[in-house]
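In order of appearance the chains are A, B and C, and numbering begins at 1 in each one.
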Amino acid sequence: MEKNIIIKTKNFNFYYGDVKALTDVNIKIEKNSVTGIIGPSGCGKSTFLRSLNLMNNLILSARYEGQIIIDGEDILHKDIDVVALRRRVGMVFQKSNPFPKTVFENVAYGLKINGITNRDFIDQKIEESLKGAALWEEVKDRLNVSAFDLSGGQQQRLCIARALAVEPEILLMDEPASALDPTATLKIEELIQELKKKYTIIIVTHNMQQAARVSDYTAFFMMGKLVEYNKTNIMFTNPENKITEDYITGRFG
Amino acid sequence: MIERHFDEELQKLNSKLLKMASLSEESIYLAIEALKNRNKELAQNVIDNDIKIDEFELEIEDYSIELLAKRQPLASDLRFIATGMRINSELERIADLSVNIAHRARDLSKEPALKVLVHIPMLSDLAIKMVKGSIDSFVNRDLDAAKNVIKLDSEANNLRTEIHKKLVEEYMTKDVTTIPRSLSLFLVAQHLERMCDHAKYIAEDVIYLVSAKNVKHKHEEILK
Amino acid sequence: MTNRRNNITEKIGFGILTLCLIVVVLIIVVIFTNIIINGHSAISWDFITKAPTDGMTKGGIMPAIIGTFFVTVITAIFSIPLGMGCAIYLNEYATQNMFTRLIRISIRNLAGVPSIVYGLFGVMLFVEFMHLGTCILASGLTLSLMTLPMMITASEEALKNIPMSFREGSLALGATKWQAIRTNVLPYAIPGMLTGTILGLSRAAGETAPILFTGVAFYLPYLPKGLFDQFMALPYHLYIMATQHHDITLVRPLAYGTAMVLIVLVFMMNLGAIILRYRLRKNRKE
């Protein structure tokens, strides 16, 4: 079991200035699993997700304590190479944010900033990534149209393809389907099941049923604390904690 | 704490289940009364009443499915609706078995009585006790009561075997004219024992509902 | 009842706003017609290709056009990189704290300082302290100082308009901060930045006070040959013709002609900004 752990946090605390956003988070995340993070708004779930690729470093008042160990390395250590970390830990955002470039350039972006110029390699990688994001068939003849011409669901899958192109090990998804219609949501959820064969996925979602559908493990955050972390099937049929039960049955939140 | 309209719906489902339970419980009482007192009319009543119970079963099933589709329940809500649906069909089977017993009671009332075996009233009392116990455990979400029901099940099996043995040894092999009546009683014992099984299933469902532990096919822990 | 009153209020409000617009348009139309009516007779090929002659009562304004052109180029060379760099630093890199807020407020305030103050400051700093003397370079530098606040503010606004998600999306793919800015922020901010910049420059081209003591000449028989020469400029030439000439009524048509050229020049620069922005926006979409 311990061998398969890819992310491990130890007494992780996070502050925005004087406000404590996360308290003593201890969690172990298994490789090639899907972990759903649920909790009411402001519970710290997005903060936690964004800590895993140090996206919170963009916020100047951010401060943290404890350890986040990814692949045996404490990413909170001051000598960590943030840029290299973010290549390993990809992220898909809540609002699909394709760049105002063509489909091709969007996927190629990560490769180009990493200094890859070999055209054949890029072509191949783009096909691979778009296939990986289940988008290739829909856009293979339209690689040079603007990403904004794609539908909302396609844009989000494009963002997934963009993240895949730099070959991450871990994919963080921040409510990836919250702005999509049910069909597009279903596609993303199906895609997640495919992706977990190659990647470890952590997904923040407001949609309890979505967490129940896509994740192997579910973590429930509440007021900055990890209240319960359990196998998804247990979490949604028989949560151990009363607060979890009340939240997932919609009694508050 | 948010007031949930869903809670009212679950409450409604609960009351429907309680009504279903009282209907099938009533039908056991009456069937056994008909058997004991050789009362043809009462037996006929039980048989005629079954159609209402069948309809009510469907009503509960439809309502549960509607709630599943509408609310996509999780955790205790999910367990309640899922076990509710199972208990519903167990109750319907119990009612069907009562009808079977009523049929036998009707037939037997037309023939001269056999000397009553003491074991048959014992088994019917046990069946009533188990069904009532399982329903009470559901009403009160009472784990111990449910476990007690499960514990009684082996007794029902023994009684049935005993009855079968006695019927063969004391009537069928001694006097061939008693064979049709013996066979009817043979079946009655069989039905009563099945009733006890269904009561046990209800008790298992209650245990799942309350504790989320699935104890089907593994009673060792409870019987300890 | 309330509904009807609301309707009436709505109509009155709408009427007042329409009136405001009409007044503004009217003023502009009056100014333009006035200048065109009085100035068109002065406009000729000679007017824009010849130097003034006969005590500036005859001839053209070519040296002033050239002077204004070069002083604007110098202003652009100094102010554009400085202004954009400053804006990028302030918006992308600087910690947002009391100090940067103070800087930002100061910059906004500087935009409102009268241009004559810049002129005097230019004399002190460039002409005297740096010993540049009165020359086209000193004037260009002074104009740069004057336009910088406007450029920084406009450029910062342009940068602010770029969604955070462009930066985050880029950083999340392992870009460094500068890579994210260069590849995913600047390309989309530049149209907006350029618009602000060109508007700033067109204002600089029309300014008199900052060049008044720093390098502009009343009349020069030659064109500036280097950065340290004095120069003639359209706004100053206009000022002379309109207020300082020994025979103002005689040269009035020439003054109007100069005004027309200056307006056309500024208008062309603004048009250029619009076209540039439009084309860059279009490229971005494709």
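We take it that a residue touches a chain if its C-beta (ideal position, glycine included) is under 8 Å from a C-beta of that chain, and two chains touch if they have at least 3 such contacts.
Source: prediction; values computed, not measured.
Trainee: So which chain is farthest from chain C, going by the mean of the CA atoms in each chain?
Mentor: Farthest by centroid: B.
Trainee: In terms of Cα-based centroids, which chain occupies the most central position?
Mentor: A
Trainee: Mind naming the chain pair that shares the most C-beta pairs in contact?
Mentor: The chain pair sharing the largest number of C-beta contacts is A-C.
Trainee: Could you give the separation in Å between the centres of chain A and chain B, each centre being the mean of its C-alpha atoms?
Mentor: Roughly 51 Å separates the two chain centres.
Trainee: Just how far, in Å, is the C-alpha centre of chain C from the one of chain A?
Mentor: Measuring from centre to centre gives 47 Å for this pair.
Trainee: For chain B and chain C, let me know how many angstrom lie between their CA-based centres, rounded off.
Mentor: 93
Trainee: Where in chain A do residues touch at least two different other chains?
Mentor: In chain A, no residue touches at least two other chains, as defined above.
Trainee: Which residues, counting only chain A, touch chain B once they are in their complex?
Mentor: Contacts found on chain A: 208-209, 212, 236-239, 244-246, 248-253.
Trainee: Per the contact definition, I'd like the list of chain C residues that touch chain A in the complex.
Mentor: Checking each residue of chain C against chain A gives 95-96, 163, 165-176, 179, 183-184, 188, 284-286.
Trainee: Name, in rising order, each residue of chain A that touches chain C in their complex.
Mentor: Listed in rising order, the residues are 53, 55, 58, 60, 83-84, 86-87, 90-91, 93, 95, 97, 99-100, 102, 109-110, 112-114, 146, 148, 159, 162-163, 166.
Trainee: Which residues, counting only chain B, touch chain A once they are in their complex?
Mentor: 1-2, 4, 6, 72-79, 212
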